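After this come two complexes, each holding subunit A, first together with subunit B and then together with subunit C.
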Partner chain A sequence: MDIANAFALLSNFVLVPALAYGAQLALGALGVTIIFGILRFANFAHGEMMSFGAMAAILATWFLQSQGVSISPLPTALLALPIGILAAIGMACLTDRFVFRFYRRKRSNPIVFAIVSVGVMFVMAGLIRIIIGPDDQSFADGARFLVTVREFKAATGLDQGIAIKQSQVITVVVALIVVAFLFWFLQRTRWGKAMRAYSDDEDLALLSGIDPEKVVLIAWIIAAALAAIAGTLYGLDKTYKPFIFLQILLPIFAATILGGIGQPVGAVLGGFIIAFSEVMVTYAFKRFLAYLGPDGWVPDGLVQLLSTDYKFAVSFVILVAVLLVRPTGIIRGKVI
Partner chain B sequence: MSFLSATGMTGGYGGADILTDCELRVERGEVAVVVGPNGAGKSTAMKAVFGMLTLREGSVVFDGEDITSMAPQERVRHGMGVVPQNRNVFVSLTVEENLEMGAFIRDDDISESKEQVFSLFPILAEKRNQPAGELSGGQRQQVAVGRALMTKPKLLMLDEPTAGVSPIVMDELFDKIVEIARTGIAILMVEQNARQALEIADHGFVLVQGTNRFTDTGEALLANEEVRRSFLGG
Partner chain C sequence: MKRFLPLLCAAVMSTTAAHAQDAVKIGMLQGFTGPTESLVKPMALGGEMAIQEVSDSGAFLGGKKVVSVRGDSTCVDAAAATAAADRLITSEGVAGIVGATCSGATTAVLNNVARPNGMVMISPSATSPALSTIEDDGLFFRTAPSDARQGQIIGTVLVAQGIKSAALTYTNNDYGKGLADSIQSAFEAKGGKITAVAAHEDGKADYSAEVATLAAAGGDILIVAGYLDQGGKGMIQAALDTGAFDRFVLPDGMVGEALTDHFGADLDGSIGTNPGTDSPGAALLAKLAEGKGFKGDDPYVPEAYDASAILLLAMQSAGSTDPAAYKSHIEKVSNAPGEKIFPGELAKALKILADGGDIDYVGGTALELIAPGESAGSFRETTVADGKWKTVGYH
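Let's turn to the complex of A and B:
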């Protein structure tokens, strides 16, 4: 039995990565849930919105790097993030003005909106590939690790080390700040309350004199800002590949639905549950169990439930199970 | 000219007219009640006064101003408060937030109005931090009335405020409505519980098939043999 080493191993390969991934999913799911709460449709373009914001942040990072601007040891991308946020907000406002508003005026069915958003998704994806190309882009700079395996081992004397990447810490810290700010806005401010009221009952909000167009605009601004932050953090933590933002839509939607559609708290909860499930189901527990078992004993197989190639299946299974068993989600939300 | 006078209202939702030459009047500080059988157009008449139904003929004059073609949201700003029949509270917002949303259009200090609502409905002060969706039917109606009062209306319109509440709660609500009227607010109310409603009414309108059958004081209508037989169940 060696609990300390087992815990260190699990932290290094499961806890820390899942925490960062969960924060990214939570930010993405928050954007989807807010658009659903206010505009009442599933926004399939949200992944590309993340990609678009990240792309703008990357372009700004490259510009800053070429000018020799640096906030080392922090990554330059953090400095460029506001540009990414503004670009995403601009994009969201333009698509709303020229696409979604048309259907809003026609009082279209939510399913029409969802399909329109698929169209927007393809247009945005194409635009992104024209601007930055379909390839991987690296833009991370600054210190790579906050704690390395070697340092951790030296400090604790354990066989197993924990490496903490700077991008992981930044992801979690930024996500915490953003989520805290968002909840403060929704719970405490006049317009935040108006948004919750509008999400609750559109007609009664109208009777109370709440301007629907303004609520919709604020919803897009928040969703786009969240998307840009989530996309940039994801790119910083892993790598920026345009095609990945189509795939990430699945865990984000799963997180949204699992938490309860239209429920911000649920989106955060769902994001972390999906992330931890995905990482844990695809992790090989062989060495972890070896530390916990009697001395000299090692499990025969890898003790891995699913190969990492199948990690998206985890979101799918959770999604289907939630829709079958509890379609309202953990925190009672709307039902699609 | 009355404080609110809706005269000659004729119209419907496209197709056939639901209202024909319907007339409703209220003075400040008075309770006016609209009663009648199911499908008589009571709620429709109220919607017409609030501008949710386009009138083919007739006019709505409110506080000396012709508002016939004004949008409902504008009418709220002009001093009309409305308590719809269904879905009249924000269920996921707390009681206090519901009241704040009622006062959304106001830029001045709302704490005084809030205190007024809390002193009118003490139970709401107790449950101010509870989501409105968790309250009982009667308490919800109090939130709904309170939310409408937060706009500082000159005219308060209630669509069947006692629908689905117990007789005791109904009496309580009616008492509160009279209390609100005493502060100088005009009250226009559609009611299913015709007899009890007419007892507190200064004026009553009996609608049948979208037109006024009887118009009199509440007392006179209760005493009227024909009204009693046909609409109040003997």
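Let's turn to the complex of A and C:
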């Protein structure tokens, strides 16, 4: 029995990475859920919106780096993040003005909106590849680690170390601030209340004098800002590559639906549940169990539920299970 | 200006027309874009250096010029490779192809373009064992040895260093799978233990899950049979970040300056193997390449030089640029008997062949072709010390 080592091992490979990944998914899912709450359609272009915001932040980071601006040991990308947010908001407003507003005036079906958003996704994906190209881009600078495995081992004398990357801490801290701000906005401010009223009952909200175009505009601004933050943090923690934002759409939608679509609290909850399931289901518990079991005993196999190749299948399975068993999600949201 | 334009056009057209008549074209079909782009740049220059040398000698088929025509085989896109090869053969009219870079692309080009058109292909870097048994009508050669050889060498090196167990990850394609299988069987035959084998997909953002699996299985060292600017790099990054492994075995696709430039001293103690030799040919080639913008001892550069050289020497030996005529001369010029030919001596070789003599091409890789038209191979073992590749010895 060696609980300290088992915990360190689990933290290093499961808890810390899943916490950061969960925060990134939660930010993405919040954006999808807000658009669904107000505009009532599943916005498939959200992944590319993340990519677009991150790309603008990267370009701004490179500019700042070339000018010698640095906030070391923090990454320069944090300084460039507002530019990314502004670019994403601009993009969202443009697409709403030239694409979505047309269908809103025609009072089209939600399914038409969803298909239109797929079109927007492809156009945006092409635009991103024209501007920054399809390759990996590295823009992280500053200190890489807060705690390295070696330092942790030296400090605690354990066999297993915990590495904590600076980007992981930044991700979690920024996500906390953003989520807190968003909830404050929705619960306490005039426009937040107007948005909730609009989401609850569109006609009643109109009757009480809420301007629908303004509500829609604020929803886009919030969703785009969340997307830019989520995309930049994801790129900072892992790597920025345009193709990845197509793949990440699936776990984000799974998180949104699992939490209850249109429910901000549910989106955050869903993001963390999906992240922890993905990491834990594909993690091999062999060594973890060896530490917990009697001395000298080691499991024969890897004790792994699913091979890492099936990481994306986890989101799929959760998505299907939720739609079958509890289509409203954990916190009762809208049924698609 | 108006009067100049027609003149200029006429001048350009007449020079290109003259070129097309005299020059023999060689297709340089390499993965200029994609996972191998950092490997290919010096390779193509090395291959073109041999072409230039033959062209400048004035002794090739009675004084003909030779030019290189580049085509992009990519590495993973078989359709793009096939289209590029098709363009080289049908519209450029090349007399032979040096390429392709990766095994998958090479197989596609050989099956879909080279065999139907009866075109000779010499790959400097396709190392999949499957290419040893492929139907090729005697048209396919390679100056790099099969990965089955590299697997045996890695097994020997690991046992010699006293490493008892290793985890193994490979890039999920023909090259990675073939290499991983050969490493595993060679290492286990020598009494080593592979604790876990996990494939990784290229082009992902995050490899921590794959590394976590391998870390759970444990092992003294992690063998990364991948690409240095793709998933292989991601696997190493994740392994270093989580402290799962701190030493790596890096087969040929991972050996390159880009890797040590990125990770520096974090890779210290890692073992690299890639085709290479200590025959004087390698040093001569390195010297020839000086001042030409690439390094003559970069991975696969000597193989690329040799591929171009034996292709042209076989044409000289056959007295023809027709693939059907010269394909049987490739093994003849590469192996004994005959005068030994080192890099920079292509003019001498051309003269000997023109006079009806025999040559034994040694080149930059101490080339010896064995059946079915592939290099017997000689490998360089390197280690990373202070963030730089250091040669340990040759096998």
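Keep in mind that, in the parts below, the second predicted complex is superposed on the first by the 336 of 336 C-alpha atoms of A that agree within 3 Å, B and C clash if a C-alpha of one lies under 4 Å from a C-alpha of the other, contacts with A are read in each partner's own complex, and residues count from 1 in each chain.
Simple rule for what comes next: a contact is a pair of C-beta atoms (placed from the backbone, for glycine too) under 8 Å apart; a residue touches a chain by one contact, two chains touch by 3 or more.
Please read these numbers as outputs of a predicted model, since none were measured by experiment.
Q: Name the contact category of A:M91: first (subunit B only), second (subunit C only), both, or neither.
A: In the superposition, A:M91 contacts neither subunit B nor subunit C.
Q: Now for A:L207: first (subunit B), second (subunit C), both, or neither, which partner does it touch?
A: The answer is first: A:L207 touches subunit B but not subunit C.
Q: Does subunit A have more residues touched by subunit B or by subunit C?
A: Between subunit B and subunit C, the winner on subunit A residue contacts is C.
Q: Once bound in the complex, which stretches of subunit A touch subunit C?
A: Subunit A reaches subunit C through residues 12-14, 17, 21, 145, 148-150, 161, 163, 165, 234, 238-239, 241, 243-244, 278-279, 282-288, 302-304, 307-309, 311.
Q: Going by the contact rule at the top, pick out the subunit B residues touching subunit A in the complex.
A: Going by the criterion above, the answer is residues 72-73, 76-77, 82, 84, 87-93, 97, 100-102, 104-105, 147, 151.
Q: What part of subunit C is in contact with subunit A in the complex they form?
A: My answer: residues 196, 198-199, 201, 203-206, 208-210, 212-213, 215-218, 234, 241-244.
Q: Could you list, by residue number, the parts of subunit A that touch subunit B in their complex?
A: Against subunit B, the touching part of subunit A is residues 190, 193-194, 196-197, 199-201, 203-210.
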